[in-house]
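In the two assemblies presented below, subunit A is common to both, partnered first by subunit B and then by subunit C.
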Partner chain A sequence: MAEPKLRVLMVSDFFFPNFGGVENHIYYLSQCLLNLGHKVVVMTHAYGNRSGVRYMTGGLKVYYVPWRPFTMQNTFPTVYGTLPIVRTILKRERITVVHGHQAFSTLCHEALMHARTMGYRVVFTDHSLYGFADVGSIHMNKVLQFTLADIDQAICVSHTSKENTVLRSGLAPGKVFMIPNAVDTAMFKPADVRPSSDDVITIVVISRLVYRKGADLLVEVIPEVCRLYPNVRFVVGGDGPKHVRLEEMREKHSLQDRVEMLGAVPHSRVRSVLVTGHIFLNSSLTEAFCIAILEAASCGLLTVSTRVGGVLPDDMVVLAEPDPDDMVRAIEKAISILPSINPEEMHNRMKKLYSWQDVAKRTEIVYDRALKCSNRNLLERLSRFLSCGAWAGKVFCMVMIIDYLLWRLLQLLQPDDDIEEAPDINFCN
Partner chain B sequence: MVSSCLSYKRYTYIHENENEPTRGAIDIHHVIINGSRVTGYARLWWLAFFLVGLAIIMYFLLGKDNPVRTLSWSCLLSGFFVMIQSRKFVKKESVIIMPTFGIQLETQYLSGKTVSRFIPIGKILKPVLVECVTPVTCYWSLSLFLRGEEQLTLVFKELRPSLKMLVPIWKALCAVSGTDQREMMTEEEHVVAG
Partner chain C sequence: MDNNLAGDSPPPPPPPPPPPPPRPKWRKVAYGGMQIGYDDNYTDETFLEEMVMNANVVRRDLLKVMKDSISISQYLCIVALVVLVWFHTLQSSLDETSLLLLDLSLLALGFLVLLLTEEKMLSLRLLLRYVTNITFFTTGLYVLAPVYQTLTRSISSDSIWAVTVSLLLLHLFLHDYSGSTIRAPGALKSPSLTSCISVNASVVASVFVASRLPSRGHVFAVMLFSLQVFLFAPLVAYCIKKFSFGLHLGFSFALMGLTMYYVYALHRLFFVLFLVLVVVVNVVCPYWLIRMQEYKFEINGPWDEAKLCFDITD
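And then the complex of A and B:
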């Protein structure tokens, strides 16, 4: 096998067997990069008994490092504790680029800091939007500012996310690339026989029933639409604290036969729920990138959505303000244009527009750009941190100096040559 | 007679085999820590010196007026350190392969004590090379799947020789346990995280 062009280490607290958007993103991106001929290794914390080295499809090597998670699947932040294992993995696998995911991951921040100290190229991808006002967000943003002060390149998943990240971290916008997420179009296909829209029009909602996902809007919108259109029924999948409000709404307006509540829907069953509908309704107040609407469009549903990050082409979506009356108007418009929608054609367009292969190629360009960045010595890097704030800048500098000294100490105790390189195992299909 | 000798970093690997290997010939693999006995004893002296120093510091810190408390803390700490260190004075680990009969795993300590374990050939299912990940490091180790045991059995319990030294020993163990190496590689190719 030819020597891989790039050797990438993906670092995040969030990976399989945990399930979510970030985990999916890392997995699909890694698979496509492997297909392009690069070597990809993933580093995450151990999940229960799942500890040590595992190989996934295509030869994707995953290090489940036995650091205990302490809250919301995050590794306990020890600042310097992960330096030895990160150094060992970087040397063993002969890594050239380190790619961290998700601002909320402590392992990601620590690994990026250590990688920069040791002179590796680092890239960071932010997947979520965060606030500015509450205490948690303020601290998180400071940590992000520290990590991104010294980064080579950053990636965001939508323009909304890029604005949010740049504001929170003070990073130069020119360093931030926008690469949207993609959807697994092979899994999300339209139904073979489309349900007829002559008698009953089915509107599907699948989301967590929380405030941020606009569950309160649904409580206003659903009864109004049911009143205006007697032939419309709703299917609501998902669970959460606002479930009670939706049940109350059903009782109050006697909509038990017109609003079906499915409860929590596992991801493997999402497609089977989507294909029973004609229209997909998304009422999120804010999202960095709404993959749910991509999945719905891939299944051939017309989408009605609020203006969240990652929006579809104009003819596949009807946009609305997060206001009940405007959403009802949007649903009316969607119902009127429903006969002209061709699910197969929509699915084929989604295949071209949102594919993981495209995301991987664009990420490759970001890696190449990162590799071209010049390597700065410690003093130049420290000057970048000083601009982060009056007190914060000095604290960040101290942290980096101690990290640098600890790295040198480790090199004395265990020289670089002592770390044996792991052979690349070929997986032929 | 010594058929190959390889020295790498802290360890030396010695392979003893018959001149013309006949069927049933015993195959011995040693992994020896580099450095003489002196190095091992020097470590012991440094440790004693450190403990005495610690005891003196504790005496002055905890107050001269309570020697009993000082003494008991010193004993506790020194006992703890000695316990940790005494396990590590290994001189050599060996694998003696007796085809159709079994294998013997031996650990020889600096004090002359030898601990050995015999594993009959019928009990060995498969020898495997595993990457072990700890919170601070990652290293290769050679282990055995044994019939009736849930946990893997480490071939080298104390030492961590490099992959270069482990591969010939793994191949010899595969040959004696009847595992096809090509089949081992194919099986690894189809492993999906589960």
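And then the complex of A and C:
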């Protein structure tokens, strides 16, 4: 088998069997990189009994490192505790590039720090937006500043996310690449027979029912739309704390037959719920990159959404301000342009606009750029940390010096040659 | 030497290469894959265009901040006066009858101020309700006075003074200086958690101090005095401030003068400390706040969570 061109280690706390946007992104990106001929290994923490090495489709090797999650799927931050295992994995798989995901993941930050100490190339992808004003965000931004002070390249999933990351970490904009997420268009196909939109128009909402996703806006918008258009019905999938408010709204306006609440919808059934509708409604108050809209567009639904400029072309989405009146106006406009929508044509367009293969190719370019960056020794790197802040800079320098010393100690106790290298097994065809 | 060889003209220069087709304009969108002619890390001048800096920052004026800080020093004086009364009662310089007289006069004065400054209180029914509430309150205190007297008999004096001091400090920290926890009925804002905690701390401190007194009459008088001041003084001060700022200033200065006089009569060192505290609160802290405002850097932009324009009524 030909020697793989790149050997990538993806690190994050968030991976399957947990389900979400970051997990999906890592999985699809890894699969497409494997198809391009590279070697990809994923490192994450143990989930329940699932601990050790597992192989997924296409030969994707996943290390479920035996650390228990501490809070919100994050491992307990021990700063130096992960150094031995990260070193072993990096040496064993002969990794060349380490790619960390999600600023909220402690495992990612620690692994990137150790990888930098040991001289590997490091790339980071940020998937969420953060504010600047509350205590949690301030600390998170400081940690991010530490990690990104010494990074080779960074990737963000949208232009808003790029601006946000540059402001939070003080990174030069030229180092940040904008590579969006994509959607698996093979899985999200429109229905063979489109439900007729003459007598009943169905509006689908699938999201977690929390404040951030605009569930309160839904409570205001749904009764108004039902009042204006007697032939519209709503299908609401998803669960959360605001579920109670939606039920109350149904009772108050007697909309039990016009608003159907499905509860939590597993990801495998999302497509079957989407194809029953004509319009997809997204009311989230803030979103780094909304994949739900892409899935809906891939199934041939017209989207009405808030705050997600630049994700879909203007004829596939109707944008609205996060204000009930404006959203009702947007839904009216969507209903009026609904007859001109052709789901098959929309699906085919989506195949060209977004694909994971394209994302993988662009990420490959980022890896090549990262590999071309010069390798700096410890003293030069320390000067970059000093600019992080009056006190923080010195603390960060101390942390990196101790990490370096611990690495040298480990090299003494267990020399590099003693770590057995894993053979590359060819899984494809 | 001739450069032109006979019969041979120099070959014509090759035609210039056609200019490369102009690359399409870069669009700030996420769809469509990589844009031709641009790298993924291309940053143009619209980067950070929608960022807004320091949109909600209030520009402060030194004189206004100093005037506002007078409310804080006024309340510090009130608390200092209460502590003085406690001190004198514990040393038996103030006896029961004078304390009771003090209580009654304060009650009458407070009522008068409220009547004069608040227009809503003029209805007779409301007045009658207040009188009945106060009667119940006073009777309740009188009945419970024996309980308070024996409450802390088994606890040593040092613990009592330590706890009282810490509770008073807690009370001062968490106090709501801009308004009043006890409001007239029909007020708009409900009291916050920290102001309720501060009221509770002051009440418990009063109970602890009262429990060290020799007789039931003393206990009743001191409890009534402390509770009156801690519960209703903020309301009276707030009404005066709302009514007229000049009156508020005059009231504050009078209180400060009174407090300084009595603290000086008590002990020189406490007087100096109190003076320093008032100067720090009124002069040094406003100046410091204004200086620190220069460092304020507030960032807003499209990444912020949208604010809902309607109230969520549960």
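Keep this in mind: the second predicted complex is superposed on the first by the 426 of 429 C-alpha atoms of A that agree within 3 Å, B and C clash if a C-alpha of one lies under 4 Å from a C-alpha of the other, contacts with A are read in each partner's own complex, and residues count from 1 in each chain.
The rule is simple: contacts are C-beta pairs under 8 Å (C-beta built on N, C-alpha and C of every residue); 3 or more make two chains touch, one makes a residue touch a chain.
Keep in mind that what you see is a predicted model, and the values were worked out from it rather than measured.
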| item | value |
| --- | --- |
| Of subunit B and subunit C, the chain that contacts the larger number of subunit A residues | C |
| First (subunit B), second (subunit C), both or neither touched by A:Val328 | neither |
| Touched partner set for A:Cys32, first subunit B, second subunit C, both or neither | neither |
| Which superposed partner A:Ile365 touches (first subunit B, second subunit C, both, neither) | second |
| Subunit B versus subunit C as contact partner of A:Met118, first or second or both or neither | neither |
| Subunit B versus subunit C as contact partner of A:Ile291, first or second or both or neither | neither |
| Touched partner set for A:Val65, first subunit B, second subunit C, both or neither | first |
| Which superposed partner A:Phe16 touches (first subunit B, second subunit C, both, neither) | first |
| Subunit C-contacting residues of subunit A that also contact subunit B | none |
| Residues of subunit A that touch subunit B when the two form their complex | 16, 51-57, 62-67, 81, 84-85, 88-89, 92, 417-418, 420, 422-423, 425-428 |
| Touching residues (chain side subunit B, partner subunit A) in the complex | 9, 130-140, 162-163, 188-189, 191-193 |
| Touching residues (chain side subunit C, partner subunit A) in the complex | 28-34, 39-41, 43, 47-48, 50-51, 298-299, 301-306, 308-310, 312, 314 |
| Interfacial residue positions of subunit A with respect to subunit C in the complex | 129-133, 157-164, 166-167, 173-180, 212, 216-217, 220, 245, 285-286, 288-289, 306-307, 309-313, 322-324, 352-355, 358, 362, 365-366 |
